[in-house]
Amino acid sequence: MSEEVSVSYDDVVALMKTYAAAIAENKQSLTELDSAIGDADHGINMDRGFQAVIGKIDTVTSGDIGALFKTVGMTLVSTVGGAGGPLYGTLFLQLGVATAGKDRITAEDWSAALTAAVSGVQARGKAESGDKTMVDALIPARDAFAAALTDGADLPAALRRSADAAEAGMTATIPLVARKGRASYLGERSAGHQDPGATSSALLLRTVADAWAGDASTTTEEAHDG
Amino acid sequence: MSEEVSVSYDDVVALMKTYAAAIAENKQSLTELDSAIGDADHGINMDRGFQAVIGKIDTVTSGDIGALFKTVGMTLVSTVGGAGGPLYGTLFLQLGVATAGKDRITAEDWSAALTAAVSGVQARGKAESGDKTMVDALIPARDAFAAALTDGADLPAALRRSADAAEAGMTATIPLVARKGRASYLGERSAGHQDPGATSSALLLRTVADAWAGDASTTTEEAHDG
Amino acid sequence: MKKLINDPADVVREELQGIEAAHPDLVKVAYDPFYIARADAPVKGKVALVSGGGSGHEPMHGGFVGMGMLDAACPGEVFTSPTPDQMEAATKAVDGGSGVVHIVKNYTGDVMNFEMAAELCRAEGAEVESVVVDDDVAVQDSLYTAGRRGVGATVLMEKIAGAAAEQKRPLKEVADICRDVNSNARSMGMALTSCTVPAAGSPTFELGDDEIEMGVGIHGEPGRDRMKMKTASEIVDMMATAIVDDAPFSNGDQVLAFVNGMGGTPLIELYVVYNELNKFLAGRGITIARNLIGSYITSLEMAGCSITLLKMNDDFTRLWDAPVKTAGLRWGV
Amino acid sequence: MKKLINDPADVVREELQGIEAAHPDLVKVAYDPFYIARADAPVKGKVALVSGGGSGHEPMHGGFVGMGMLDAACPGEVFTSPTPDQMEAATKAVDGGSGVVHIVKNYTGDVMNFEMAAELCRAEGAEVESVVVDDDVAVQDSLYTAGRRGVGATVLMEKIAGAAAEQKRPLKEVADICRDVNSNARSMGMALTSCTVPAAGSPTFELGDDEIEMGVGIHGEPGRDRMKMKTASEIVDMMATAIVDDAPFSNGDQVLAFVNGMGGTPLIELYVVYNELNKFLAGRGITIARNLIGSYITSLEMAGCSITLLKMNDDFTRLWDAPVKTAGLRWGV
């Protein structure tokens, strides 16, 4: 097993802030993607949710990463609405369940958390791979991350492979005909457009990779096997 | 007194058809004038009315010019609506009253008929000279026609002077601030636009002058002084 | 021009056929000439109310024909006053022997056509009282103009006088109630976009992407001022100030507040406007005793709104609350 | 973007404030989280009806809260499904002890949020039945899509089930009436213009000056086909054919015909459309027993219309005719 790199509570807080900023920055482009095959609100919805997260995140001071993720999930559920609200809400709630009680998370923790999160999203939305949804970014990200660990990659490297896979999955949604969500009403006409939810999900994975890239804020610890 | 030229029943029928055609041709430009200072319907209204006149005119076979004009007036009243309906309706009704029972009309008859028509329009609409209405074309036309007869002009020449005066009156409405009709709501903003009703009235006088210009259809008779 | 119509020349006739098919319980429709009358007209012993005007302002007036409101409406071509023969035929059809009130919005065409109609009706022995609505404060009222336009107060007048007629009040009193409504009401409108008269085919006026027309008329007549886009709060402030300052509203008054959509305005915006108006009036010590929010006197698909305030008294309030059963306004029955 | 609003972020809150100020006799408004409830809620012994959805479809749903229709409505952001906490709070506020029906339009967001809400409510012991509306024939229904969208039938369902609840029918029966309405109703919409979500600031889609979107969704989702502008008669023919051929309508049937404006459509056009629809249905031997014409389920300022047909039976007819007292629909009281 590779040298253990793990992520602190503060790293997770920083991630949420960075992602909120990334969503704010991409608000318009996400909404534009949604106006092609949806109802022109995905960026607006996500931004409303993550601004609310920003407002709430500093009030959580438990040091419990699981509690932090759950707060994010609850906040998203009650502020985003639409399809994005329950789906991203579930994603973060499940990250929270998987990391409950932890003040640091390791690569293995993240792998398990990602797996739980993707399962939660699929249980809520019933989407399969290839339905042209956020799941098309999330499944490859989860699988690439696990594969990287198996290959012996360290956390930063595995996160990069996970983000790359998410982006590939996102791009791969372009030719797809949507089978879930609002875009499915379009039938064949949904082909040729990139899915907004897959785009915001790929952005999440990329933000994770950049935020936890092993710079100063991410602590390298002795492997403590177990 | 000059050699008497007069206008037959058929000349009047021809006039009405020519004017209807002229209105149809100018429908859009009249409506455009009305959209600047009114409600964008003057050409449409006039055209609806004169198409109805065309449909009715051949059913009148009395040979009575007065009856013909009255039919025109009644048809306009019941098909034009708006301000134009009662005003043009009254104009033709009064032409009809003034020419009742005649099968030909002379220059003097026309002078009297014009006078009656203008009075009728003013009684109905209460507009004075300078209020930026059709009256600004009609009053100069009436006065120029009478002056031309006094000057010894024949009917075609007098009609031309009448039409010229109507057009001058029409053009003179451009700088005016409207004091009657819908354009008066605009106050100062009505200045700089030509009045649609003055335009359709000038067109009427010009059509009369052209139609009764003394060509084949207008009969020259011996003066029978009376 | 994109509209849900067939030939522009047939719009009014086909609209009437639609109304006839939809509301046989409320109205009957005549086609030669055009008018819409109460299904049970003439109502014996009741003063009859007849109004009319250009089409394109729906539901006004045809949508207000029925129990407790109008006895007949005469629809003209789009934005064009109807003709005297329509008004004469409608008047005869609904005259229940107690006289007829003609409710006339103050536009030159409407006034002249109704005048001719009243002359014709009176010549045949009918008792006709004409009342003119002129509540639009956007227009300067002076001896040297056609005077103020009739707008939102028309709807309120038709409801209130309609209730009075239903109570079998006499002709003079019903006509006086109309005049009373008129003198206690003021309105102002504004547009975000133009409208397109079907027969014209292109917009009546052009407005920039960031411009509004303040004081617009219900036929797309230009208003007081063309200005840059503003917030709902600023717009309401301008309109309500113009209305309240014109009279007759003062601290302690009870009013009916009517927030009207011009035809292309979503209801969500009308409630935002109502919220602003409510705050504005509270600031002036004026209480909203009754309200009406929706698109009732429209200008085809124009986006924008108008505000009408009517100073209420006990009689007005009772008459407003009285039952009404029309396609456009209905309660109490 | 020109709208009668202040800050786009405040539109829904300010709309609610307007509704609260305008209709205190009908509703009460909660702000944290947002919902609109009947003024007299909870009504003891009556099944409660809760619906909700994105804002921008006014008067649906908030305008249908009141006697004989909904007990509560949860408004989301514009065109965005509301959140589970709104639905949970509304459900608790109106539960009169006889159970609650959630009326959910079939959009992924609405379905998932209402699902989470129902889970939360049931966890606390509330009896909740969820019904999904999916009447839009524009969308292909298959196992491989999110299924048909819920559109016009929602309004009819809220009225008819609301009347059944008012008669104190039990939960199961009220929910079954909803399902029955849904399976007997079909809708189709079309747009002449796009709409603009306030927070987005630019039109959701672009349509050429001579183009229409056939089968458009109420959030401006693209439809079946973009095509050249057509006459009202051709447009109605296409929509009504799609509806009638989908089932369940056949010769001899009695239907409720609902001609709905999308928000920017003048009423005059809706009557022209109704006239065409009436002729079309007569040609198929289908009788219009009841009708509803107006802008009841809208897409902000979109111009266009939708048609909904509901096959009627005696119970539906009686429930439709029963008194209703809401800001958006009112009769019999």
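Chains here go by letter, A, B, C and D, matching the order in which they are written, and residues are numbered from 1 within each.
Basically, a contact is a pair of C-beta atoms (placed from the backbone, for glycine too) under 8 Å apart; a residue touches a chain by one contact, two chains touch by 3 or more.
Small disclaimer: the values here were computed from a predicted structure and weren't measured.
Shared contacts of chain A and chain B, meaning chains that touch the two of them, come down to nothing at all.
Counting steps between touching chains, the shortest path from chain B to chain C takes 1. Chain A and chain C have CA centres that are 56 Å apart. In whole angstrom, the spacing between the mean C-alpha positions of chain A and chain D is 34.
Taking each chain's centre as the average of its CA atoms, chain C and chain D sit 29 Å apart.
Residues of chain D in contact with at least two other chains: 78. If each chain is drawn as a node and touching chains are joined, the picture is a simple open line. Those chain pairs judged to touch are A-D, B-C, C-D. On the side of chain A, the complex with chain D involves touching residues 31, 35, 37-41, 44-45, 48, 77-87, 124-125, 178-182, 184-187, 189. For chain D in complex with chain C, the residues that touch the partner chain are 2-7, 11, 14-19, 21-22, 55-56, 58-59, 63, 78, 192-193, 209-210, 212, 229, 231-233, 235, 263-276, 278, 288, 291, 293, 295, 298, 300-301, 303-305, 327, 330-333. Residue ranges of chain D in contact with chain A, taken from their complex: 33, 54, 76-85, 107-109, 112-113, 115-116, 138-140, 144-146, 149, 197, 199-200, 204-205, 217, 219-222.
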